[in-house]
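Report on the structure given below.
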Amino acid sequence: MSRYSTGTSKIVSMADAAATVPEGASLSFGGFGHFGHPLSFVRELLRQGKGGFTLHAIAECWPAELLTAAGRVNHINLSNLMFEGLGRVRAICRAVENGQITTDDHSHLGLSLRLLAAGWDMPFMPIRTMAGSDLEHIQTGPAPKFRRIASPFSNEQVGVLSPLSPDVAVVHVSEADNQGNGIIHGQISVVDAQVRAAKRVIVTAERIVEPEVIVRNNELVTVPGILVDQVVHAPYGAYPGGMYGLYDEDMELMGDYYDASRSVEAVDAYLAEWVFGLADHAEYLDRIGSQRLLEAVVDPVHMLARGRGEW
Amino acid sequence: MVNGEFTRDEMMTVATGRFIQDGWKAFIGTGLPMVAAYLAKATHAPNMTLMFESGVLAAEPRTIARAVGDPRLQSTARRVSGMLDGLLLLHGGNVDFGVLGGAQVDRFGNINSTAVGGDGYSRPATRLGGSGGANDIASAAKEFLIVVRHTRRTFVERVDHLTTPGYLTGPGAREAAGLRGRGPIGVVTDLGVFGFDETTKHMNAKSLHAGITWSDVEAATGFDIDRPDDLPTTPPPSEQELHLLRTVIDPRGVYLKDSPTTAIGGSQ
Amino acid sequence: MVNGEFTRDEMMTVATGRFIQDGWKAFIGTGLPMVAAYLAKATHAPNMTLMFESGVLAAEPRTIARAVGDPRLQSTARRVSGMLDGLLLLHGGNVDFGVLGGAQVDRFGNINSTAVGGDGYSRPATRLGGSGGANDIASAAKEFLIVVRHTRRTFVERVDHLTTPGYLTGPGAREAAGLRGRGPIGVVTDLGVFGFDETTKHMNAKSLHAGITWSDVEAATGFDIDRPDDLPTTPPPSEQELHLLRTVIDPRGVYLKDSPTTAIGGSQ
Amino acid sequence: MSRYSTGTSKIVSMADAAATVPEGASLSFGGFGHFGHPLSFVRELLRQGKGGFTLHAIAECWPAELLTAAGRVNHINLSNLMFEGLGRVRAICRAVENGQITTDDHSHLGLSLRLLAAGWDMPFMPIRTMAGSDLEHIQTGPAPKFRRIASPFSNEQVGVLSPLSPDVAVVHVSEADNQGNGIIHGQISVVDAQVRAAKRVIVTAERIVEPEVIVRNNELVTVPGILVDQVVHAPYGAYPGGMYGLYDEDMELMGDYYDASRSVEAVDAYLAEWVFGLADHAEYLDRIGSQRLLEAVVDPVHMLARGRGEW
């Protein structure tokens, strides 16, 4: 037994965690590029049928796309959503073009700082970018995102951002203890701001580890357990995306979605096959197959899987 | 596409790389600009520092990265953090240079990467990815370069949505908006290299790539682009540059897909 | 100093620990409050989280820490970062409780830890260390406790310098200043346990330690402290509490120097 | 040879680094408690004779005290200066009480955020603490530190801090490459803000390492090399303070200073013996003696030196 306090465990099942997300909630997800998105959680959330969501989406292209493709999203506060190396997030783009969802655009820094301001309980946060562009001029959200005020220490008029707090942040980590202290290897995207800004935080983790493992690596802990409400064990929880240091993204599977996204019908078929047709994450991983999962495991120096590109 | 011994992609890549000065700290995305940065680092700018909005600092990948999120960048970087840290280093004035693309560019170097056509922002004909770090880079980097293919759809009189500030409405407008960076210093396309007039901030031509005529440029540009009296040919890629591009930097044609000397294709 | 079977330090420590509720996230400095936190965690508050302004989160040291900067706290913590992160977690509303000391305390629980006497702030008779994180904790933690030795020099009518906000000038003043935290919930001294009147925010007495009389308190207090009709004796430390303090938590008397059952001294 | 760019090395001698600090400069130093202060640099700076300094001093009790004790300081923007486990920084306190130096007090968060605002090029930074106290009411610095403005997004009047930029920040790290990418083990105090805020950054390092070492641990790099101007190799550079993960503080030697600090004469004698009487850091370490230095080396699990307290 650990000599460290294990406290009341925050570990719950994926279904129980997803069940705590209310209809109409505002959500923010971890992840960047094709890496680190909590996709096993997103699939469970889709299976549970809830929607009407608002997204605060900085770099979580895959969660945002899948939720929008299934018609679960009303509004997105976004900074950039695209698939690196593939192209547009077509379901989202189509929903905007058809007027099915609304958006409010920011720069990456702008949206990140709005979350940070909420996490730090700051009533506003200065920013020198976004100014002069339509990111400043066009504001479509329910509350203003950007205003200008006079600096009390200089003669400048300076842009300030309003804080933005998601109801729930869901982030995927490499390892966490049962209190939610979580380590993310590689870049952390905006997880630091998301877990501070959100009213509730759900951590999905590749591995649940003893407190000793966290303590030994305590300089690498990005998610402070005191901010976390629930912890879910989710091996390969970012698949078909990758997890830095553990497994590469599966570009073939991601490409399958991207191809399907050309039409509403094909997207529906994709979701039927890969989300609604599978009972849970265990069935999803069975469907992928252990051979394929193991082929994705990365070399610990180059952080790439053998055979998926030269080092 | 092939112009004698090099492709238009190779010409764009080399022309882009020439803007990169040694010692610069630069934000560079994927695609041809990434290849250009590798080339510059392998030739005249060995001490440039590659930075990414994800918080990746001083990456030195062994092989060409497929994306800003590519593990190659993280596993070879001197520092890996997150987006806030990466972009606040930029905001704090620590980045010299960025390279940006877009769906539309206007005469003042303003860029649209958000929404094209239709009824405007809220109901566009084509919704695009949005700014990401581009607005931040164009606003806060000391200067930036635009790299984009040259078509009449891209070079427009007025961008439908101003995602990323060039010189906005003209002289003094960036200063009035409070932007710290100087703005765009050039535009590299598959037709030539362009700049901006010191006084008017209008886009002007600096050189045309070999085989390109002024009427090619006019036909592909939706606004009056200033033509100087003296319009040289862009210096072609050197043998060394072509060798590096084809055999060291992108031998599998990840980005330089139509190179005549390598197989077309590669991953993604 | 010895009161029957326990010392005043032990009484203060135990009384302080009783304020700590299970599950709380608390900022606790060194000295008796650190011992009190260890004791609370070993008894009624096993799930309290120890946090420090240096960015040390959920420390669980094997032995008593000598300082906030003690390596024991970092080597046993779940997370180690820096001061900005530690204090911004506090500013963001994530800290339930803090324990603060000071050189002067007034009837509203305002604390001075900066400058005493002389010609005021810029030319005091005695310059002290300054706020550090104390002002931040008192302002932003949901509530805080004052722990200080009870002397007429310490308990003053008005603090010479208001380093750390208690109830400031009285009811409504914290709210008017925009402070998020509720303010001080109690004062533990070597004479008794004190609180603050709900309506007036004046300090009042809750209990006196065994052997202490009201005149002891009056003699050691430079302002009128409210005396309730019913003034019980502070429940003494239990056998279990004394056992833990003397044999497990601070057996070498790092802080509990005058314990009758252990050698006086220890390091520092 | 490293496969990574080594660039133009920023490594200089301690004397050359200290020589770049101008008379009258504003300075900020790394360190917290009895750990991580760049004390070998401070001793060299003292030997070079410059003064008239302004300090932005959050937790760097030892650099601030030694510089003030030698009469080199005019003004301190401070949040807390004391010696943990010992007591007051007597030379500083005496200088304030005698009117020899001026001070402007902040909370730890307030002063840290002022540096961060400068580092992020923000014209001001909101804060909800300091309000109502004399930290708000008494302002003695050459420029205002705290004002209240109306939030443009709520009906609140909120405190905002002005940015504060030191001319030079000097920080001590566990290891750095020749570009100044630096790793600090354990808590980092406010080094993150200091190196961003300062106009010039000097890194002193226990070890100079190859780029490969930094790349392998790139998630732990607190000091980005792009912000660093000079790098100095300074083994035991925090002595007689400690360096987390490497060596413990020498409480006996620190106590010798503390005892000396009771009188101006004794302080002068201490400085003559331990600073001015020694040519450089090498002589300082010789004076300490290898036996004593090796006894201070910490156990890699408990991070404490054997015999300097129970684990």
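Note that the chains take the letters A, B, C and D in the order they are written out, and that residue 1 is the start of every chain.
Here, contacts are C-beta pairs under 8 Å (C-beta built on N, C-alpha and C of every residue); 3 or more make two chains touch, one makes a residue touch a chain.
Because the structure is a prediction, the values reported are computed rather than measured.
Chains that touch both subunit C and subunit D are the following: A. Chains that count as touching both subunit B and subunit D, per the definition above, are A. In this assembly, the C-alpha centroid of subunit A lies 37 Å from the C-alpha centroid of subunit D.
The distance from the centre of subunit A to the centre of subunit C, with each centre set as the mean of the Cα atoms, comes to 41 Å.
With centres defined as mean CA coordinates, subunit B is found 28 Å away from subunit A.
Between subunit B and subunit C the centroid-to-centroid distance comes to 59 Å (mean Cα coordinates, whole Å). Multi-chain contact residues, meaning those touching two or more other chains, occur in subunit C at positions 62, 74-75, 80, 88, 91, 180. Contacts with at least two other chains are made by residues 121-122, 127-128, 156, 158, 186, 219 of subunit A. Pairwise chain contacts in this structure: A-B, A-C, A-D, B-D, C-D. Within the complex, the subunit C residues that touch subunit A are 25, 41, 46-47, 49, 51, 57-58, 60, 62, 74-80, 88-89, 91-94, 180.
Residue ranges of subunit C in contact with subunit D, taken from their complex: 30, 53-56, 62-63, 66-72, 74-75, 80-84, 87-88, 90-91, 114-115, 118, 121-136, 139-140, 161-165, 168, 173-174, 176-180, 252, 267-268. Residues 3-5, 7-8, 119-122, 177, 179, 181, 196, 211, 214-215, 218-219, 221, 224-227 of subunit A touch subunit C in their complex. Listed in rising order, the residues of subunit D touching subunit A in the complex are 121-128, 143-144, 147, 149, 151-154, 156, 158, 160, 162-163, 185-186, 219-220. Remark: subunit A residues 32-35, 58-59, 78-82, 84-86, 88-89, 92-94, 96-97, 99, 102-103, 105-110, 112-113, 116, 127-135, 137-138, 140, 156-159, 186-193, 222, 242, 244, 248, 251, 298, 301-304, 309-311 touch subunit B in the complex.
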